[in-house]
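One chain, chain A, links the two complexes that follow: it is found with chain B in the first and with chain C in the second.
Up next, the complex of A and B:
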């Protein structure tokens, strides 16, 4: 038996070799680069200490990208959670007995698996202000009507709102499915006790169901923080490194990519931005965990 | 069925408020159904209409320009001034490129994630706890943190404009390992493994003949997720690939936005419609697996 355990090392070897090369090494290498002035534009690279970090933290553009990211993410997470909770509550409501759950679940999930690049081009076409479907639907397509067309992409806040709503559209189904799974895993006895006590549907949902699925809510929000604060694909495909009007679509990742690979190809500065982002994401996640779980002991860790 | 009996017990007024609630719920649900389907439907319809038709307004019925749009998308259009054909996107090539990358990485990820997960489930070895927490930690680490280093690595390895950096990392997919470990704990009886050992089966044989087949539903779920992840991936191919012949679908589709003839809305819609086809097929055949995968993740967290 003891001898057999040695096989484990052979079996996990491919994973950890590839892991070391393609995951661990790049992370460390990025960290080291962040302390240098390495750039694709110039040949000589030297150690510059924390100066990249200093210049990014004092850079208006970096904080602008931070603000842009939040302006996209915050409306999205609120809207997405509200819609997903409402739909999940309805679909699991034993009084309403809604039909076609499986089909609706699948339809709501569909936008989630479409390539973000495709979605971005779809947005580009639908929201095109002269010929896009959105304006055509809102105002009609005569000459008088076209005068009223809204140029959706000419304000930073509008761009942010549109991207945020598209994110909601892509993710509310996914979130709903997770919430439904959590609610359905609830022991029936918990409902029954409340129903006998005469609690209303809404009351049951807020004081019994929500606390029960809290771990799932926390998981959804943490993964959304990690994913949302890194958003790149859609703003990049729509506006590339300019970020569109008012640079509204210049998220932290777009800024980081632009610094590293397009503007001055400053890999050192880009690496520093990446690590600052990591710091922000980690702090946000832990702060949220703290708020969500408060002083309570965590009952069960992993393993 | 039981509704009828309940009516008398609940009283008519409660029943009708319930019906009103139900009606309202269905109306809201219908709204979301439309929101999820309509954009894609309009896009598919527009793919069959000429640029002028698309510009003149919305239609829910198809047009007759499917072939023209397809030609314009792939071969480009003739510029009226210079008479040069330009702006086309080699969609079939992009399709093939994406398929090569997605299939290879899915197969590698499925096999090696199962092997790694299996080791963490049945063996006891030194450093197991540490390595497991490493895997869990990395799931939470944002990808941007290694982006510059990844670029440096692949340019040092001369792997720019090759598919290796997009395929090989699939061997180390932390989330797949995490998922399959959970799956195996609940679906592989240890007694069966003990029994095969007594029968003289080697560890490698046990993995291939017992563990792999028993884990297939789990591997299928994670493979579908992996395939979609690879097919939809944009940032890494953007860094790795410069040669347009090697471009994956997302990189090609992105060019619809920047290419010379980007104002042909019929052709653009055609590009969007085509890029959705493989995902739509996967969705039709596998959405059950996908939804079960997400649901099980939700319950176990």
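Up next, the complex of A and C:
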């Protein structure tokens, strides 16, 4: 028996080695860097204690970037959940007898497999002020119409809304498939029992289906909190280190990257931002878990 | 317990394996150059060098926007640093001040800069007055206008006559209004208001930041915002962002269909950007902007710990010291050289088919004499970017100047917390 065990450890070893090199080491190294004034621009480094943390927490732009991140994420998660739930409910409802479910599922999932950069460039071209398709569709293309064109990227809130909606479009298909999987795992007998008791379709959905798929909802929202608070690629490809109008596209990750590698190239402060972000995400995730699983029914929570 | 020991053993092994590669780079017959573009290859410089010395060149290309992100970590760790690295005008001052490049005015290099345009030498000199980088080119800029439009709306396409409209900013805006009126709003003076920025950035009297980290916002910046907002408010630009697809297309439209009167571009604009735009061939004329300016330029540094310094110097020597080679190269490519004597010896013989035979070389030579780089500082790219971003927040051109200046200063303070911004 002992011999077998040793072999098993050997087989799982690669994971731990890779984890140690590419995850554990960078995390610890970032923590150490965050206590120094290490900078790309200067060749000397010294220990500065907690001053990076202090200057970042008191920085207006850092909190603005936090607000921007939420302003992109919150509309996105609400919209995404609403659309995904509705579609999942339709697609799993056997009474509707929908045809071509598989095709729709694939189409809705499709945006998720395109690289974000590609989509960002597409957005840039579509929403172009003078030559973008969106303005041409909305207003036409004569001289008088051109004067009415909207400069989509000239207000922070518009940038945030556009990015939020594109994120929704990219992720609702994925969320929908997750939810469908959860709903389909429900025993048919539960539906039948509810129908016999005279429950309506809406009643079944809200009182039976939703509580049943709660672990999946929690999973989706937690991963979305983590992914959403780390949003980087689309805002960066669109607006780089200045964050567009009103710095609206400056998310926390863009801020962290810009602080570390552009601007004053301050790796120490950038590392501190990374750790503050880690704290925020951890707190948000735990807080949500607490809300989602109240004390009384913790046992039937995650399983 | 045993497994954990094995685990640490493996990690340790990997660590030492990575260390063992960390031996000093060996002297070799291969010169590594980390460049922002493949121009050395497409312009045949590398081929010439290889033929001349028998060495091989390993050209690594990192785009301009990523260049510092790539170069700084290499310099910091001292691993895989190229023998020659570059600095673009917007950050060359940071590169030369890192203390990572050799002093080129000392032996064995003894670079001769007596014949170079002073601004080109100034840019490659660090804060202590030590020459750290050299360039083969000079990048004075002008304004490229459409001959067909000039003829139609101004009655002449000769550069001397068109120049009258570009002697001051007021005259230039006046010209925009004439074009707008006569074409019923069809023809725009410029592709975008932001295109004018480079002219003002190059004309600052003082750098953005001094050695004690005090930020200074030159009056040229508010002048830029004022002129740009006038252009936008009066509807004189096509509202295109620089380098976007429609912006590029404006360079290539046929003479009869052109809607944009002029483009603000330097020397390299001619052979990098306009070259190959077949539809507009010969429809361009070149005049000077209301203020002389330069835009861009690439400076070459030799890594101070490189084992190949000798070979690296041979490369830089060929491009910046060898007048015979420089003359041949300039004639072949049309690049504007940093060496005055070379420029003077060939300027009368040059002309460009893009410009309908106008002599761009003699034109740029006049401008290069007037350039001054005393206001260049290490973080120009970032701060110019801030100015552009703030200008972009006023798409209608209705700038509240005081507020815009406040926003610029605020962003500078946020991005450079250790600076004093007043």
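In this text, the second predicted complex is superposed on the first by the 296 of 303 C-alpha atoms of A that agree within 3 Å, B and C clash if a C-alpha of one lies under 4 Å from a C-alpha of the other, contacts with A are read in each partner's own complex, and residues count from 1 in each chain.
By our rule, a contact is a pair of C-beta atoms (placed from the backbone, for glycine too) under 8 Å apart; a residue touches a chain by one contact, two chains touch by 3 or more.
Only a predicted model underlies this, so the values are computations on that prediction, with no experimental measurement involved.
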(request) Return first, second, both or neither, reflecting whether A:21 touches chain B, chain C, both chains, or no partner chain. (result) both
(request) Once the structures are superposed on A, label A:90 by its partner contacts, choosing first (chain B), second (chain C), both or neither. (result) first
(message) According to the stated criteria, A:131 is in contact with first (chain B), second (chain C), both, or neither; which is it?
(response) both
(request) Check whether A:9 is in contact with chain B, with chain C, with both or with neither, and answer first, second, both or neither. (result) both
(request) Would you check which partner chain A:154 touches, where first means chain B only, second means chain C only, and both and neither mean what they say? (result) second
(message) According to the stated criteria, A:59 is in contact with first (chain B), second (chain C), both, or neither; which is it?
(response) second
(message) Just to be sure I read the superposition right, which of the two partners does A:261 touch: chain B = first, chain C = second, or both, or neither?
(response) both
(message) I'd like to know which partner A:241 touches here: chain B for first, chain C for second, both or neither.
(response) second
(request) Look at the residues of chain A and decide whether chain B or chain C touches more of them. (result) B
(message) Tell me the contact category for A:185 with respect to chain B and chain C: first, second, both or neither.
(response) first
(request) Pick out the shared contact residues on chain A: the ones touching chain B in one complex and chain C in the other. (result) 6, 9, 16, 21, 125, 128, 131, 240, 261
(request) Enumerate the contact residues on chain A facing chain B in the complex. (result) 4-9, 11-12, 14-16, 18-19, 21-23, 25-31, 33, 83, 86-87, 90, 95-98, 104-111, 113-118, 120-122, 124-126, 128, 131, 133, 136-137, 141, 169, 172-174, 177-182, 185, 215-216, 219, 222, 226, 229-230, 232-233, 236-238, 240, 253, 256-257, 260-261, 267, 270-271, 274-275, 277-278, 281, 285, 302-303
(request) Within their complex, state which residues of chain C touch chain A. (result) 2-3, 6-7, 10-11, 14, 65, 68-69, 72-73, 75-76, 94, 98-100, 185, 238-240, 244-246, 378-379, 382, 385-386, 388-389, 392-393, 395, 411, 414-418
(request) Could you please specify the touching residues of chain A with respect to chain C in the complex? (result) 6, 9, 13, 16-17, 20-21, 40-41, 43, 55, 59-61, 125, 128-131, 143, 151, 154, 240-247, 258, 261-265, 269
(message) Help me check something: in the complex, which residues belonging to chain B touch chain A?
(response) 18, 21-22, 25-26, 28-29, 32-33, 35-37, 39-40, 42-43, 46, 54-58, 112-113, 115-116, 118-120, 123-125, 128-129, 131-132, 136, 138, 140-153, 165, 168-169, 171-172, 174, 177, 197, 203-204, 207, 228, 231-232, 234-235, 239, 249-251, 253-254, 256-258, 265, 268-269, 271-272, 275-276, 279, 282-283, 287, 290-291, 294-299, 301
